[in-house]
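Shared between the two complexes below is chain A, which pairs with chain B and chain C, respectively.
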Partner chain A sequence: MNILDLLTKIDRRIIYLVLLVVVILPLLFPKAQSTRVMLPVEKLFNAVENIPEEKALIIDFDYAPQTQPELEPMGFALLRHVFKRRIKLLVLSLYIQPLGLAQNALTRIVEEFNSVAETNADSIIYGRDYVFLGWVPPPIIPILGMGESITNVYEVDYYGNRTDTLLLMRDIKNYNDVELLVSLSGADPPKYWVAYAQNKFGLKVGAGITAVSASEYYTFLQTGQFSGLLVGMKGAAEYEELVEQRLDIKVKRKASEALLSITYAHLVMIAFIIIGNVGYFMRRRQK
Partner chain B sequence: MKKTLPLFLVLILGVAGTLTYLFPHPAIVNSDTFFRNEFLRVLAGFALVLGLGSLLKVHADKIRRKRANWQYSWILIVTFVITSFIGLFGGIEGTGPLPTRIGNFPFDIWTIYWNVTVPLGATMFALLAFFMASAAYRAFRARSTEATILLAAAFVVMIGVLPLGNSISPHLPSFAQWIMDVPNVAGQRGILFGVALGGVATALKIILGIERAWLGGGKE
Partner chain C sequence: MNLSPDPWIWIASLLSLAIFSFLYRDNSFYRLAEHIFVGAANGWAVTFYWHRVLWPYLFDPLSRGQLYYIIPLVIGMLYFTRFIPKVSWLVRFPIGIYMGYYVGVSIPANIQAYIIKQVQGTILTPRNFQMWGAGSTGIIWSVVLFVGVICTLSYFYFSREHKGALGVTSRIGIVFVMMGFGAAFGYTVMARVSLLIGRLQFLLGPWLGIIE
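Let's turn to the complex of A and B:
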């Protein structure tokens, strides 16, 4: 095997092995990476921060297990922000698969806050501070229906309670009482919220999306249709950074810890692309 | 009649669906709300049953005719039956009439979700990174000026979005963000307009009965 073959015909199993090692090693010895916060993330943080006391935030947890590693840290960071600032919160999913992950995120962050709470007022109480609305199919029904009446669309919540009996829902009737909706998804739901809820009812929309779908969503940010945007693991890490710096919440930062893995993976990919190109140009010159 | 009735329904409901945006008169809005909240939910229920029935029919047919990879259809049917049985009689958290616990081990929908759905979904997506790395190595070549620009932009964005980019130069993350905000948005917006106009054209063709492929084959 000559040098050209060595450069242009690397066995794919070697590529897989190298990538596996550089991804796994930093995860075995995690260390949170500090990161520079970019404007799209800061915008979303400020949009959440500026929610008036009488208005609510809706978080649409629409990530499936496939996109959980990227989007779940966003959900955690957002929930910490919301509970720290005591913002009224409604949680829902447009599809059935993310329901379990949404409940898991809620339970985990609520327990995190309640474990250090000293009084009832300090605690995060279901029905008073947040409501998990659950899932109503198909997506168009809740997106448009909540503009008229939230309790009509979600007659019962995820746990089977009648929503009109919950304390929080007495003040939150429809989108007029909602300041912002953040959609965390690896697919199209953020676009649905813009196309229907924003266009028809003027609802402000923010989004947390996977890195792979980032390019198509920047158009919505530039036009102001998105109030802010979190992109991939980096976006989640930036939000974690803001939550730690500005809200003084010091907890394990999952996305910030994963950044080292991504850094090495990107460098390995770049290295392999360069090797392939060096081989390609050498072969071309030889011809 | 088999084709005329669906075409007529699509025309009426298609026009009614757009009217609420064009003429937000209370009468139109109220009827739209009724159709959406009451009618659409029932339709969605029927669509679910129809979809599941169709899925089972396709796979049963595949097994009967011993088509390529027919063995996998058995896996689908068996897991479908088991999951449905546990879901219908065991409940989400084992609260149904069926005993869904052997000793300390529960086998309700929740167990299936956390131990099968979640790991399988994560595994499928995790494999992508390996395929992408291998494909990028083989296909990403600076063959032309355009390809070289694309390659350079990719490198800037890949490094610029990482903390490493900021360590190399504080301008690198800003440059990466500019690539996403300006050239990327310019291209994406063109695509978006094209897709939107194409969507409107296709919707009009379906509503007006010009495009009839969705009706499927068969005789009048």
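Let's turn to the complex of A and C:
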């Protein structure tokens, strides 16, 4: 095998193996990487930070296992921000798959806060501080219906409680009582919220999306249709950075720990692309 | 190393490894994991739809005497006429009702959100300059965006041969298209590597107990 064959016919399994090594090594010695916070993330953080006391935030957890690694750290960081600032919170999913993951995120972060709470007022209490509305199909029904009445659309919450009996829901009737909605999704839900809830009811929308959808969604940020945007693991790491710096919450930062692996993986990909192109052009010159 | 005693963690980890084994070559472990996934996902979805949709929104109201729920039940059941060739034309009713509703709701919303607002965002206005959050360079980025949109649209104008001014703009347009593809590919790499990282964090953490 000559050098050209070596450059242009690298076995894909060798590429996988090299990628695996460079990704796994930084994970074995995890250290949260500090990262520069970009404007889209800062905008979303500020939008959450500036929610008035009487208004609520809705988080639409719409990630499934296949997008969980990128979007779950965003969900955790957002929940920490919301609970630290005692912002009224409604949680929902537009699809069934994410429900379990949403419940898992809520349980985990609520326990995190309650484990250090000293009084009832310090604690995060279901029904008083947050409500998990659950899921009503199809997506367009809750998106439009909540503009009129949230409790009419979600008559019972995820756990089967009547929503009109919950303390928090006495103050939150419809989108007029909601300042911002953040949709965490690897697919179209952020666009649905813009097209239906924002156009018809003027609801402010922010989004946390997977990196693969970034180029599709940046246009919504530039037009002002999104109040802020988190993109992929990097966006999650930036939000973690803000939560640690500005809210003084020091916890394990899963997305920030993954940044080094992403950097090395990108360098390997760039190296293989260069190798492949050099091989291609050398072969073409030979012909 | 602190191996998990939880059998569900073991099942999840072994299934992950079975799926990863496809990277070497197709094998029976991969196919087993794939079939388990499809079966479990479908079983879960059917159960969930029964408990969270059909029962609370249809059969429960019917059982409480709200007989007008028979109308959506009948309309929904018409979908199954597709399996009976003689009356399969009846399936057009539920499809027509659904399409009529959905098209009526979505066309105005989509035009407003995805066309009018996007066109507004492309026009060179002081508000759009500020949206970049880049100070005075916001003007430059807005002009780049404007030129990019016009040139890319001209590339997809096929009613005239790409010569003269149209040839120049379409060639500039293809440069923007290629940059868009490059950015999308770069983001795709990041997304896929992130998925790998997520799975490895699970295998190294909850399963093997090597990391926290």
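Following the convention adopted for this analysis, the second predicted complex is superposed on the first by the 287 of 287 C-alpha atoms of A that agree within 3 Å, B and C clash if a C-alpha of one lies under 4 Å from a C-alpha of the other, contacts with A are read in each partner's own complex, and residues count from 1 in each chain.
Going forward, contacts are C-beta pairs under 8 Å (C-beta built on N, C-alpha and C of every residue); 3 or more make two chains touch, one makes a residue touch a chain.
All figures in this text were calculated on a predicted structure; none of them were measured in a lab.
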For this session: Report for A:120: first if it touches chain B alone, second if chain C alone, otherwise both or neither.
Result: neither
For this session: Identify the partner contact of A:2: answer first if only chain B is touched, second if only chain C is, both if each is, neither if none is.
Result: neither
Problem set entry | First, second, both or neither for A:140, with chain B first and chain C second | both
Exercise. Which of the two partners, first being chain B and second being chain C, lies in contact with A:286: first, second, both, or neither?
Worked result: neither
For this session: Examine A:27 and indicate which partner it touches, taking first as chain B and second as chain C; both and neither are also allowed.
Result: second
Exercise. Of the two partner chains, chain B (first) and chain C (second), which one does A:68 touch, if any: first, second, both, or neither?
Worked result: both
Exercise. Counting only touches as set out at the top, which of chain B and chain C does A:10 meet: first, second, both, neither?
Worked result: first
For this session: Figure out whether A:258 sits in contact with chain B (first) or chain C (second), or with both, or with neither.
Result: second
Exercise. Given the touch rule stated above, what does A:35 touch, chain B (first), chain C (second), both, or neither?
Worked result: first
Problem set entry | chain B and chain C footprints on chain A, overlapping residues | 16, 19-20, 23, 39, 66-69, 137, 140, 144, 200, 211, 214-215, 219, 222, 232, 234, 262, 265-266, 269
Exercise. Which residues, counting only chain A, touch chain B once they are in their complex?
Worked result: 10, 12, 15-16, 19-20, 23, 33-36, 38-39, 64-69, 97, 100-101, 136-138, 140-141, 144-145, 148, 152-153, 200, 211, 214-216, 218-219, 222, 232, 234, 259, 262-263, 265-270, 272-273, 275-277, 280-281
Problem set entry | chain A-facing residues of chain C, complex | 23-24, 45, 48-49, 52-53, 56, 102, 105-106, 109-110, 112-114, 117-118, 120-121, 128, 131-133, 145, 180, 183-184, 186-201, 204, 210-212
Problem set entry | chain C-facing residues of chain A, complex | 13, 16, 19-20, 23-24, 27-28, 30, 39, 43, 66-70, 96, 134-135, 137, 140, 144, 156, 191, 194-196, 198-200, 210-215, 219, 222-225, 231-234, 252, 254, 258, 261-262, 265-266, 269
Exercise. Can you name the residues of chain B that touch chain A in the complex?
Worked result: 21, 33, 36-37, 40-41, 44, 48, 110, 113-114, 117-122, 124-125, 129-130, 132-134, 136-138, 140-143, 151, 155, 158-159, 161-164, 166, 170, 173, 177, 180-181, 184-185, 188-189, 191-192
